[in-house]
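In the two complexes that follow, chain A is the common piece, with chain B as its partner first and chain C second.
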Partner chain A sequence: MENFEQKFDETIRRGLEIVKETEEDRLMTLSVGPQHPGSGHFRFTIKVDGDYIVYCDPDPGYVHRGEEKMCEYRNFIQNIPHLERPVIHDSTNITYSYSLAVEELTNIKVPLRGQYIRALASELNRQVYTLYWLGIYGIFLGHSTMFMWPLGDRELFIDLLEALTGARVTHAFNIPGGVRNDMPEGFKDRCLRQVAYFEKRLVEYEDIFYNNPLFRQRTEGVGILTKEDAIKLGVTGSVLRASGIPFDVRKAEPYDVYDEIDFKIQYMKTGDSYARSMVPLLDMKESCHIIRELLDKMPQSGEVRAKLQPNPKGPAGESYKRVESGRGALGYYIVSDGTPKPYRVKLSVGSFRNMLALPFLLVGSKLADMPSIYWSLNYWPVEADR
Partner chain B sequence: MSSNQSNTQNGSEQKKNVTDSTQTSLSKKTEITIPEFEGSIVNQLVTKFTDKIVQVVYVRPGRTKILVPPNEIVQVATFIRDTLGFDHAESVSGTDYPKDNQIEVIYHLSSYSDEKLSSHVLALSTRVDRNDSRMPTLIDIFKSAEYHERETFEMLGVYFEGHPRNERFLLPEDWADIPPLRKEFRIKGR
Partner chain C sequence: MATAPKDFRFGNFVGSLIRLILWILVIVTLVGLPLIFIVLFYVPLPPVNGEVLTPYLFFSMMVDPTRTVPIINFLIHTDFFRVAVFPGFTYAALLAGATIFIERKFLAKMQLRIGPLYAGKIEGILQLIADGLKLISKEIIVPSGADKLIFWTAPVAFVVTSAAVVSLIPAAPGWVVADLDVGIIAVFAFLGFFPLIALLFSWASNSKYPFIGGLRALHQMIAFEIPFILSALSVVILAGSLNLTDIAEAQHPYWFVLFLPISAFVFYISSLAELERIPFDLPEAESEIVAGWLTETSGMIYGLIQLGTYIKLYALAALFVILFLGGWAGPQIFPEEIMPGYTGDKIYNATTVNAVFWFTIKTLGMIMLVLLPRGINPRIRIDILLHTGWYKLIVLAFINIFVALSLVYGGILGPGGLLST
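== the complex of A and B ==
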């Protein structure tokens, strides 16, 4: 307890004061990003004392679009296409909790087949996002094969989603009331073939990347986040599960059909960068299993979406709904005043919540460990900025 | 002193407003059965702080929303963390209500350490005066609210007393307009 308070105070609250108290002329200031290819559209300032980072200050906002304000000008349906912009690689999941919240506000019931297709699209999109993240993680640790392989395999999942939704990346597939369209013919077999192929590939990923001694040296024991600290920082997703807390919204608060699916929460106990990069891989494996089960249990025919009125609206009220996205719990808090336009929309996104762990873990570690810690946080700058 | 006075006035106004709305919601609640577990959370809060301080706004399965005056929020939040077991803030958001001349600040609290609470999100909300929007910070109780409160400060102009960095976060450093999530801020061309 004492330890955490002290570390939090030194790394996040009073970082700069403490740095100033010590001999500042010893330190060198580095600005990482926003143009730096290793940080995405995100900037953080670090001060190094020799090889060690003594101060880190995140400065997000370079891709802030004002999504929350934009929502107040459009009606519930018009909001879908722009809400998926923050994470175009995970666009089905970011509109998922929005749809759930709007359904609660407007009392729309989703047909069973629609719920299954929605969950299926969400799992496929999780693979797309995680593969993209893995590719970037690989290249910034200097492993160019790990850049090519996941991005190549990601194309196959994108092709599947293209067949299902009609668009390659930004699908706008989830809508309040279900999904836009039914599955095309022969989609089930195509999906099963792809999953069988991908499961074999995951074993190869482990061989070439995760069991690579260089990768293990750079990540094992680096940036350890203990269980207690993870709880207090309120991190989510793979960062949380890597620290030994089996929390997954799909299990904790099952939405749609997830309570009928039999799957395990993947977690590790070490809390270092290795665990944080391993958990998404385990998630992908489990996701393959979920895709199979969804296809198996899905009703063979039926409606995929509820019939909507032209301008859906419900009584005044509010709703907070969350789903498990590629980066952890993704919640929407929507206030409605009874009109077709939302009065207030708030996105609670995993990246923004995990940002607190960045200065907490970076301060005190070596500069060379910065990429492996930063990318293991599964941080997506555009999502954090909204 | 002046800020103190306005705070207490604001607090008493709030209580009046809320009792009206809670009475209606309470009468609704007798029709809809409250889930047992959520009911026990509400009971603990109301017996500890009396319904003058803690107003229950709504109870749904897995969701509870309470409203407290800004000057009592620290002790209620401490009780929520230490006794009820909610250990982190998922989000902090603000909603502007120009008609009531108030801004509502909502903390969505959830729990990782207690498995029974994992499906539950407790919304702790308070209403501050729009012209003098100040409230005590909760970052010492929920460390996870650190950046969320900073965002709420710049987006709605709510000053968190005790927060070390009430400053720009997502907006440009030279932002000179009013906080953008206030209702009078209009997007150009709309």
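== the complex of A and C ==
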């Protein structure tokens, strides 16, 4: 009798295994990236049951360069050019918080005009980054015009930044103590003209892309991230603001001149892909106002950079500063032991935090929604890998 | 600045030219001419105007227009000419090439770009040839574990099926390769092959992304086949014939697009889906499934499928023109005679030339309309696509069938109607 029961149990167990195996067979494993046109320097493995994604495993690290370790072998000034490599489209912002943290460590006061020019470069660079992001979002959804238009308009902002900083993409413009050089002659008029043109273009973007019924069908109600989940996952930037939380580092912890600037935090309440793609557009609109305001309130003349020692160093200590980058809060934690080289540098980037929401949102959605969810998370793989 | 090489001697140059001409003369007289005579003597040529074509006659005809014209007339009324040149493959391929050129430049203008610029000096007009050469010279990679037979035959089958559709399309009155009484049914029968080829090819590729793409192609084409056929059915009801030439002629004073705008709309949307163009390019959705069912294609296999796609685009645009835009109807703008005073056989026929002109113009316009959505729309999602196909377009197509029936039974169109001639 006991033998029979054992046999019975054995049969049941084997049957369950077969059921499990067939269930596994139902699933198709797809490796999205790093050579997939819809991934970037990033890979995530997904399992699909029919058209639905049931499993997602993000696998970053393809472009890890050891930026944090590299910082320990260079002094505070030498660190700037390589620190902007993780996200060259937003290179002013990624060096902005570094400069703020170093200034706190070494007790450097930035002249007021320098602070304004810094904020101006940061806003211009955020436009460059967001336009690039928007172009990729367009082509991910198969909208080739939305790929070409933002990238064409981005070129104009790049020209502006080239006039301001001397380099097209990697500016190395923000340094501890201010900015490298003053604005060129006639820059203000050029900037105002460009902003006026760009505001007209933003309306056209809305007409052709955001108000397109096919785009709204694809993004509305897709990949909803609720307020509570957004806080739990620790997402930041446009993803957080799309979920209905008006958090912006420029308002929450104003740095430099941002407490004198009057602007609104743009946020939406739905938390779906549409809101996540809409918030950067609203940010760009608001950024145009900020640029105008900065140009108005800027002191007409004065120093742009504090005089520095050849190898600036401060007392031993630590500092943490963050700024609002194109992808959200971007912070540097720097520990100094009193030498000209940092003892430890830690980068906290928005991309990595937003990537954590990816498996959470992808599971349960359709395969066709993958690009619209993935890229709406405002994720830049190179920055996340650092 | 070009300079002559140091050991250049003009005498040597002239000498080499003379030697070249001598050799050409020797080879032509010893090999070429006998070959031509052998061919002309031993191959029975068809009689022209009751005379048997002899070598003497052939050479005399070469210089005498009254004799050349019958030969040309004979040649352009052969089946071979229709299949190979007009309205067959050459015409379709030329229009397909024009389509690719227009697509590139037109889309570039929409997207604030310039488009191809360098190949061929003028606006990159030879870019297509450069692309073709590139594709031919590339290696064709067959994935391991692929079903080789199907993998190699599917692209050829794709082009052949496209060409079969083209063969049924009349481009001028009487100018059609296969003038079937059931022309429109044959067109839909051939179009039904395409999802099968896509599925077979994707299955034979032995890869995941092509497989998903092939299934998507199958879903999409089946969902849109029915509204496609139903929208054409309303035209058949009005025309009272399945023959495409008769349908085009039946719209003599009034084009059917005036009576059946919804049907034309459904036909247009369905042909976009049939052609896998944006917003219906799900089977090739790049950011989701790499390149869909074309992922494993390389080299000329890809080239053949693209050729087939563009020929199919021409065929569907031409079909739209025939069903809704009155085919080749248009005001007579070519003169009746181009050589007044010449009596004898003529090649030039004002009616045909006019018909070809208007047909080509309308088809190119229709092709532009098919290209347009690529610039303004993102890709649609598969479930929305199926919903659109099965629920919305079929209902619209049915509504138009009732419109067509009421027009016929109300005595407005159809045999003996008010507006029909």
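Throughout what follows, the second predicted complex is superposed on the first by the 364 of 386 C-alpha atoms of A that agree within 3 Å, B and C clash if a C-alpha of one lies under 4 Å from a C-alpha of the other, contacts with A are read in each partner's own complex, and residues count from 1 in each chain.
Note that a residue touches a chain if its C-beta (ideal position, glycine included) is under 8 Å from a C-beta of that chain, and two chains touch if they have at least 3 such contacts.
Nothing here was measured: the structure is a model prediction, and the numbers come from that model.
*Asks:* Counting only touches as set out at the top, which of chain B and chain C does A:141 meet: first, second, both, neither?
*Replies:* The second partner, chain C, only.
*Asks:* After superposition on the shared chain, which partner residues are touched by A:306: those of chain B (first), chain C (second), both, or neither?
*Replies:* neither
*Asks:* In the overlay, answer first, second, both or neither for which of chain B and chain C A:215 touches.
*Replies:* Once the two structures are laid over each other on A, A:215 reaches chain C alone.
*Asks:* Mind telling me which of the two, chain B or chain C, contacts the most residues of chain A?
*Replies:* Answer, by number of touched residues of chain A: B.
*Asks:* In the overlay, answer first, second, both or neither for which of chain B and chain C A:352 touches.
*Replies:* first
*Asks:* Taking the two structures together, which residues of chain A meet both chain B and chain C?
*Replies:* Looking at chain A, the two contact sets are disjoint.
*Asks:* Would you pull the chain B residues touching chain A in the complex into a rising list?
*Replies:* Spelled out, the residues of chain B in touch with chain A are 58, 62-63, 65, 87-91, 93, 95-96, 106, 108, 112-113, 118-119, 121, 123, 142-148, 151, 155, 164, 168-172, 180-181, 185, 187, 190.
*Asks:* Which residues of chain A touch chain C in their complex?
*Replies:* 28, 30, 36-38, 51, 138-149, 152, 208-209, 212, 214-215, 217-218, 366-371
*Asks:* List the residues on chain C that touch chain A in their complex, please.
*Replies:* 107, 110-113, 208-209, 212, 278-279, 281-282, 285-291, 374-384
*Asks:* Flag every residue of chain A that touches chain B in the complex, lowest number first.
*Replies:* 8, 12-14, 60-61, 64, 66, 68-70, 73, 230-234, 240, 245, 247, 252-253, 317-318, 320, 322, 329, 331, 333, 335, 343-344, 346, 348, 352-353, 355-356, 385-386
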